[in-house]
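I have placed the structure first, in the form of structure tokens, so that the comments after it can refer back to it.
Order of writing sets the labels: A, B, C and D. Residues in every chain begin at 1.
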Amino acid sequence: MLVIMRDRATQAEIDHVVANLKEAGAEAHLSVGEEKTIIGVIGDRGIIYNLDLEGLPGVEQVIRVLKPYKLVSRDFQPEDTVVAVRGSEVGGGALAAIAGPCSIESEEQMVAAARAVARAGATMLRGGAFKPRTSPYAFQGLGLDGLKLLRAAGDETGLPVVTELLDVRDAEQVAGHADVLQVGARNCQNFMMLEELGRMDVPVLLKRGPSTTIEELLSAAEYILKGGNRAVILCERGIRTFETYTRNTLDLSAVAALKSLTHLPVIVDPSHATGRRDLVSRMCRAGLAAGADGIMVEVHPDPEHARCDGPQSLTTNEFELLMASLDPVVGIEGKSWGSL
Amino acid sequence: MLVIMRDRATQAEIDHVVANLKEAGAEAHLSVGEEKTIIGVIGDRGIIYNLDLEGLPGVEQVIRVLKPYKLVSRDFQPEDTVVAVRGSEVGGGALAAIAGPCSIESEEQMVAAARAVARAGATMLRGGAFKPRTSPYAFQGLGLDGLKLLRAAGDETGLPVVTELLDVRDAEQVAGHADVLQVGARNCQNFMMLEELGRMDVPVLLKRGPSTTIEELLSAAEYILKGGNRAVILCERGIRTFETYTRNTLDLSAVAALKSLTHLPVIVDPSHATGRRDLVSRMCRAGLAAGADGIMVEVHPDPEHARCDGPQSLTTNEFELLMASLDPVVGIEGKSWGSL
Amino acid sequence: MLVIMRDRATQAEIDHVVANLKEAGAEAHLSVGEEKTIIGVIGDRGIIYNLDLEGLPGVEQVIRVLKPYKLVSRDFQPEDTVVAVRGSEVGGGALAAIAGPCSIESEEQMVAAARAVARAGATMLRGGAFKPRTSPYAFQGLGLDGLKLLRAAGDETGLPVVTELLDVRDAEQVAGHADVLQVGARNCQNFMMLEELGRMDVPVLLKRGPSTTIEELLSAAEYILKGGNRAVILCERGIRTFETYTRNTLDLSAVAALKSLTHLPVIVDPSHATGRRDLVSRMCRAGLAAGADGIMVEVHPDPEHARCDGPQSLTTNEFELLMASLDPVVGIEGKSWGSL
Amino acid sequence: MLVIMRDRATQAEIDHVVANLKEAGAEAHLSVGEEKTIIGVIGDRGIIYNLDLEGLPGVEQVIRVLKPYKLVSRDFQPEDTVVAVRGSEVGGGALAAIAGPCSIESEEQMVAAARAVARAGATMLRGGAFKPRTSPYAFQGLGLDGLKLLRAAGDETGLPVVTELLDVRDAEQVAGHADVLQVGARNCQNFMMLEELGRMDVPVLLKRGPSTTIEELLSAAEYILKGGNRAVILCERGIRTFETYTRNTLDLSAVAALKSLTHLPVIVDPSHATGRRDLVSRMCRAGLAAGADGIMVEVHPDPEHARCDGPQSLTTNEFELLMASLDPVVGIEGKSWGSL
């Protein structure tokens, strides 16, 4: 941590900061320049994280050199984490293709979707049983009944299933039916949910929140790893910006950056990011070219009658074409699909 | 709802949209212009909310005229909602001054803060027992012990107490010790928590999330009112933008806008919005001048040793000066402090 | 400038950075911690500004302690700059009320607007002759003819006139007719225009661009002061964020922050920021309460027939009410209207 | 254009809007629903563009169906525009690889860069003679001398040259030395410069501004086409968002979207977007995979001593590796490099 003092900071102000640091158990190293004095702070991680010096008299700026996360960083673990789920893998060169409907609507719909995506090469099946919706008047999902339909469709096709955990109180129940628990974008910094998942033994798919920075996303993942659960997959699904033509702005530079900052696998979700079916395929290709370890795509046997997110869902036929079109980008960094 | 067709949409595409609408139980009214056809959609609220027509062939844009909320709107209830809490009021001309430390640290700190803010004219006491922190390594609050200290300080000073509910599983317990439950910015769209609070009989202080639009904030409040709980106070606490000099950007236009869109009281939290002690007082005055029904301010008897958010906390002395400085703006719209 | 090295930076990488600094003429001070080495860089302003060390091997982050501006800062000049224009003043306790139509449309309109705003207490008259419009098909202003109408209206009412300079090639001509030249938001970082204005002897009203940071705005003003022209008024007019209910987001925290960072006067333009007539008055009051040195408001004798920005223009009657409503906030920081 | 009236709009308010429309020369079509009345507006493009109805009593929202641009849209011209420059092409299946230093520093540097990028397969050479810099104290470029060095290096290698036009007054002079004139991000909505370029006969590379929407970028291009110059290349170079790890956020969804909205070629500039050398190659691959018609990359023979943007510049060796790595993505949509 570095404390930059104002140009005209007095000696008393500098002494006061130094005394404050010593009291907290940290060491202070002064560097006195012509215009500015800079105080380097050295000490235990636990002490440094809790120092708030910005408000002291004479302080201009405080620079935190220590990252708020540790276990998720590549500095801590240089080799890739591989998350293995029922014969499917993601990370360490294995790519995931997670596909399925936004919401589970019926046995017929779920089975049709599952068969189609399995045939086209998907490595995991997705489906939402509990739907977070902006308006309380919109369709909220089938709940537990939906979960059972998803499980059955997964069993039939042999695909591991991914579903969102919306209520922390349901964690055990949902984990009883699903192979991967998804933390939705709006819960990215729901620390109680993250801590609960940290205590469980189930792979977690953690979506970046719409205004979560890269550093905050990694800190959120740190909550899970700190609890003991190391099977975390990160997912870039678009950030909120001023541009409204697309629903969100898919931040592929963040994917490239995350690949060097962390050992965790990183996938992209162009369906939610763009909200527009006609952009999904191009953004899947772009995502893999940017270094992502997989894609997550909404596929519906009949998008026009989908009860949720129809406009961004691919038909099963479109998904088949998409998977075929990914061939040139799959191998760019020497990766391959992670299904066994 | 309006469906704008593309310039070259075919008759078959138009017919297809119309058939789709009829199937869903809605009515279609065509308006055929020289360049474009526009389809007006009329029907039941429940049907309209679940229509997703953006992906149909030939559709350029879908405009939702119907708001995703209803009970919170001024169209539904023109007169102001007044939230009354143990002899303190907010809304309908009554202003709230909610003050206290970011986190509860000790009995001594809590009592000193409570006495000072009560003396200076605060109408409610705040304090955090469960702290949501970006990093799992930062101080996480005293928990239940903190709640008891807050309750005692409130009882001694006669101030109602406000505290954040961080874990939906603790709702009943926290409500047993606090008078107002705060939903933090990161939980603004935690729909499970909102639904739980909708079923309870306790005033709720709902903070706008860092990237929540005005419409989404109102929809979040709608979840609570729809459950039966009408005692909701909205709080603008800064949105996330590209500007980093301040921690967030306090969106006072949103306050002015909310006052005409909803009957619920709206307060501002300049401490979290700016993250800088030297900007807090000016932004409190600006907030009330913009039409807010109150302010929420972090006050600490010894900010330099605060375990959380010290840099943005006022000293008890600064808070006293702030309250005195608010006189000119309090009466602008004919309001007055809501303490009895 | 501080160079933070990566955790595992080698000695060779550190030596390489130091050698690089020496070659450029700067001094390096090493601070070797347990986990990280930090290099403090000391040297001449001209050298420091041009160092780009981010890409060197082993470098994690470069922190620029030196601000990119100097003449505009309060550190350089603690006392307020007062910009005086034909018997009107802004800054140093003098408040400006700049009012008039978005675009000059006719002699009748301009004279009616000028008389009304003068009567209501405006200290300067505004009007656009050259209109920057998103679409090339929208009304682009009356040009030179408009300028002459503005000048005449100003002369008749005794108000100094403010107008936008849109084309750097017109600088001398526009300065021949106007008392204050406005640099529009889209030209905030048009450095050629800023340099030209720096060489002229005319007060400049510099609007913050929609995505210009506080630091960039101050650096833009620095271009003008560096050229020798010290009569600069800054104007906050809303930044672009994800919120679309208002046209832009009026950043009043930036106003409060600018007042401590710079000695230049700072005004607010709620008309352009909100784009909504019903929010203008509240945001004018909020702006002054936040510490602004004035307001800039669009007023039109007949907004319904305005050729530009009618929806955000006040009627002359509304402006009169607004001015009267400002009384409580004018004196908060001991200021008064700057008309002589 | 559609005018949505408020729920409780009176008949008088509706009549007033209709009268207003008729007076302006437009037709009004009423659609009276149970809760709302919607007024469809039909009329001449010139009339519609200048209607500002938002402020009329009873009006809730105005929806503009007509785009602010026309000539640049695919509806107007379905086939791709191909911009041909001295034996190099971009658009219509031809990909551009524009490479060279951020700023021209010396003959030696320029020639070394030019030879290296030509050898590696670049189709055009870039170099900045006039540098727009946030701070007036940073290196501002060599000016006319730089232009001559660029021209010479282009002539020697046979590559067409691209350079930024910073001052509209220099348009003719710069066009005398360069093959393509670049409009920088900060000038994206400098309408005077766009109009000037519209009157000239020189290809233009128009960069998207940091907070320019897709619609505004297309409207800016429309200014040039409207003037008669149809040789415009669009360039996505990152938008400004809350994320600060990368300098800007490269918006590749916008690239995919632009390809369907316009017939103009669209390229990407990952160097400026990310500001980080280690992300450039991945984002070039992602950009082409997203459908871009080319890349623009900063290459410097000795980035550590570059006077501008060294941290994001590739070495000549890295550029060679990048070009080789693009093979898998070049052909995805059946495109090929546009050098003859």
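To be clear about the criterion, a residue touches a chain if its C-beta (ideal position, glycine included) is under 8 Å from a C-beta of that chain, and two chains touch if they have at least 3 such contacts.
If you're wondering where the values come from, they're calculated on a predicted model, not measured in any experiment.
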**Touching both chain A and chain B (chains)** = C, D
**Prompt:** Based on CA centres, what chain would you say lies at the far end from chain B?
**Reply:** D
**Asked** Out of B-C and B-D, which chain pair has the most contact pairs?
**Response** B-C
**Prompt:** For chain B and chain C, what's the span in angstrom between their mean Cα positions?
**Reply:** 31
**Request:** Indicate the whole-number Å distance between the mean C-alpha point of chain B and the mean C-alpha point of chain D.
**Result:** 38
**Item:** chain C, residues touching no fewer than two other chains
**Value:** 211, 215, 240-242, 244, 276
**Complete:** chain A contacts chain B in the complex at 20, 45-46, 49-50, 52-56, 68-70, 132-139, 166-169, 186-187, 189-192, 209-211, 215-216, 219, 222-223, 226, 240, 275-277, 303-304, 306-313
**Item:** Partner chain C, residues of chain B touching it in the complex
**Value:** 211, 213-215, 239, 241-246, 249-254, 256-257, 260, 270, 273-274, 276, 278-279, 282-283, 285-291, 325, 328-329, 331-332
**Item:** Of chain A, residues touching chain C in the complex
**Value:** 2, 4, 6-8, 29, 31, 33-36, 38, 40, 42, 61, 63, 65-66, 75, 240-242, 244
